[in-house]
Amino acid sequence: MDQQRWQKVMEWPLVAAALIFLAAYAWEVIADLSGPAAVPAELIQALTWALFLVDYGMNLYLAKPRGRWFRSHLFDLAVVVLPMMRPLRALRFVTLLRVLDRTAGVAIRGRIALYVTSAASLLVFVAALAVLDAERPAAGSTIKTLGDALWWAVVTVTTVGYGDEVPITPQGRIIAAALMVCGIALLGIVTATFAAWIIEKIAVQDAEQQAVTVAHIKSLESKIETLQEMISTLQR
Amino acid sequence: MDQQRWQKVMEWPLVAAALIFLAAYAWEVIADLSGPAAVPAELIQALTWALFLVDYGMNLYLAKPRGRWFRSHLFDLAVVVLPMMRPLRALRFVTLLRVLDRTAGVAIRGRIALYVTSAASLLVFVAALAVLDAERPAAGSTIKTLGDALWWAVVTVTTVGYGDEVPITPQGRIIAAALMVCGIALLGIVTATFAAWIIEKIAVQDAEQQAVTVAHIKSLESKIETLQEMISTLQR
Amino acid sequence: MDQQRWQKVMEWPLVAAALIFLAAYAWEVIADLSGPAAVPAELIQALTWALFLVDYGMNLYLAKPRGRWFRSHLFDLAVVVLPMMRPLRALRFVTLLRVLDRTAGVAIRGRIALYVTSAASLLVFVAALAVLDAERPAAGSTIKTLGDALWWAVVTVTTVGYGDEVPITPQGRIIAAALMVCGIALLGIVTATFAAWIIEKIAVQDAEQQAVTVAHIKSLESKIETLQEMISTLQR
Amino acid sequence: MDQQRWQKVMEWPLVAAALIFLAAYAWEVIADLSGPAAVPAELIQALTWALFLVDYGMNLYLAKPRGRWFRSHLFDLAVVVLPMMRPLRALRFVTLLRVLDRTAGVAIRGRIALYVTSAASLLVFVAALAVLDAERPAAGSTIKTLGDALWWAVVTVTTVGYGDEVPITPQGRIIAAALMVCGIALLGIVTATFAAWIIEKIAVQDAEQQAVTVAHIKSLESKIETLQEMISTLQR
């Protein structure tokens, strides 16, 4: 079995695992489970995490130049290893980003808008969960419900930043910083998509002023070929 | 009667209906009408809404592959159906966006600036009305006058976000989130328009370095055709 | 005397008048002059304003299709007429923007960066003056010194918006809204300049993949012309 | 010895000096050293500064048209001279930017992302140090620890601007203003990189609609050259 086949087989199970992971994580955070009540949710998260660990191990085993694959997939390693460190549990959500990343290859042309919208929605939801998890137990925090956390995440990712809800724990602030960086990238992608669209529209506006395409050059080529044939008949 | 003719006939009545709807909605919100005093304004809103309902029905009836039109116009359905749900009355403003959308096809080249300015102004005005409607009755809210609401809307749509006026009701926060997303899109369009303009200006700067246009290729083609004629006379 | 000659003659006197206007306005606002003490500063502002009025009148008189010039220069009319209305005195600063606008035609290529930097600095300075003028006398305002006003203007134009200093008067908020809109445009221009630069750099990276320029087409044309001459000698 | 050789020899020593400078500055600020305890850190900073002074002097001495080099390197002069003025000590960090600037020439194509990420991280770290240095002794300031300062720097550079931590000293506000301007430039570069990438991707999407490259024109040229040879044989 080669690596490409393994990745094809595992694609949908990994998407399913990521969704189940997110559901279990959301359940644990929203219901504010702790102690024995949190065991089922924790167990589901551990099982889906195990699937990602197996996938990483198989990929590493099957990769042809193994060292090169390892060096170019350090992010995947972080995704698999970091959730074990208790204080960084919020970073688990990057597991989902890897799945999104897999479908990114398809999303180049018109689907960028759809992809950005769903990625942004997922990002806002996961960041809200992670910040709620970090901030709820902290004294003096203003983020106490899922509604507050979602409101905070939208205000942050759009870079509006009212300041009515602000994370105060180190963990919450790291999540917030990651969300802000994503907000900037989001702004960049939205703008870039509009820019590409407008530049394209302006290019089409006047046929005579339009950029020359390969199709135009091909018509020139066929005319020159006709010339060559005509001269050939002359030579005969 | 076919769909295209219907849409041409209904274009201006729908624009008028949207403007009357907005005026009645603004009147109701700004004057803080309730009970019997709100009846005339509510009635006008109901009548203009009925016109949009009829337009949607006729479009659905006249559409040739009806299923396809239905699937690609779910947004229009939402515009027509949602205002009936009382708590989402603020969403009525999307009615206006549909009208703007109709003129969007024309606005590709130089008119983008004008279109963005009027869309942004309308958006700020409608968002201010909707938030004022949602926030004024809430205890602890700081948005109590149209001036406050307009100031809040400008601070939000530009992503400045001072935080001196912040919606606190769930309804107000949903409107705010929608306004922020529009703010990002607005930023994106403004930037993209400038980018297209600068790229175009730079391209024009040196005639020798200019991109080849179809006009250039046509002059080449005519020269090759002259060659073909010259060789034809040789062959005779 | 035709309009073009008039504009050439008046170019530098108008720049000087705008600078003198700004200096007098800054002096009046920073020193918080009022009553008889403000007379010299007010007088200088009135005199420079008179020069702009004369320039507008002469332009209107000399313009060939007078109606068309009037319609396409409504902004110039507003600049000249509005400062007479007392409550809108802060709008006087647009006088300066007109002067900047005159040099804009030159600033297309590499000078965009310099132009944006100086326009942004001027904008921040004038907005700070205007807001200080509007906010200082208001009870409850936090903007009391030029330092506060400059800090507020930078925080606003970059869309950061901490909210530690916020205008509370209607006049101050109108100035703030104008500054925010300029902030968005500024962001757009900065981004667009970078985008044009990066796209250009990427285009140059591989000579074979470079866009075809008119220079390339000219080399093709000369080759085809050689062909025509060769065939001409055949025909003789 | 010519200037180019000098710059090649000094490249890595200057990078090392900048890093040592940053480490000594960070040590002094984070440990809140003052009086005799600050002497070692101050000494290291003075020594690394001396290296930059020597480098500037040698460059000025070796530059061929000396006046022109002086005029186009005023920024380098400011970097070397300004740190001597005590109240502007925070500006020392621009020393590092010069080093980054040296590697900028290489970073045009795919490395822009890496370059932006490292420049942004360095910028946030240095701005946090400088603001902490300025704000910690001020009464009423909320920025008292490195954690607070880093959080403030991230919130500012992304233009989110919650307003929970705001500099109140003139020195802190100047640093903040510089960071905001960098934040806007950062946003611009991120967006522009995405825009260039999307425009490139869209261009590749349909081979027939692709822009004509020099490679295409070369194939046309070779065909025309074949024609010329064929006609040459006819003439013989």
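Chains here go by letter, A, B, C and D, matching the order in which they are written, and residues are numbered from 1 within each.
Operating definition for what follows: a residue touches a chain if its C-beta (ideal position, glycine included) is under 8 Å from a C-beta of that chain, and two chains touch if they have at least 3 such contacts.
Source: prediction; values computed, not measured.
Enquirer: So which of A-C, C-D or B-D matches B-C, with over half of the contact pairs the same residue numbers?
Expert: Duplicate interface of B-C: C-D.
Enquirer: Farthest chain from subunit A, comparing Cα centres?
Expert: When every chain centre is compared against subunit A, the largest gap points to C.
Enquirer: Have a look at where subunit C meets subunit D and say same if over half of the interface residue numbers show up on both copies, different if under half do.
Expert: Looking at both copies, the contact residues mostly diverge.
Enquirer: Using mean CA coordinates as chain centres, what's the gap between subunit B and subunit D in Å?
Expert: 40
Enquirer: Quick one: subunit A and subunit B, Cα centre-to-centre, how many Å?
Expert: Those two chain centres are 28 Å apart.
Enquirer: Two-or-more-chain contact residues of subunit D, please, as numbers and ranges.
Expert: Answer for subunit D, listing residues that touch two or more other chains: 159-163, 187, 191-193, 195-196, 199, 211-212, 216-217, 220, 224, 227, 231, 234.
Enquirer: Mind pulling up the subunit D residues that touch subunit C in the complex?
Expert: 108-109, 112, 156, 159-163, 166, 170, 173, 176-177, 180-181, 183-185, 187-189, 191-193, 195-196, 199-200, 211-217, 220-221, 224-225, 227-228, 231-232, 234-235
Enquirer: For a test of understanding, state which residues of subunit B touch subunit D in their complex under the given definition.
Expert: My answer: residues 159-163, 191-192, 195, 211-212.
Enquirer: Okay, in this complex, where on subunit C does subunit D touch?
Expert: 147, 151, 154-155, 158-164, 186-187, 190-199, 201-202, 205, 207-212, 216-217, 219-220, 223-224, 226-227, 230-231, 233-234
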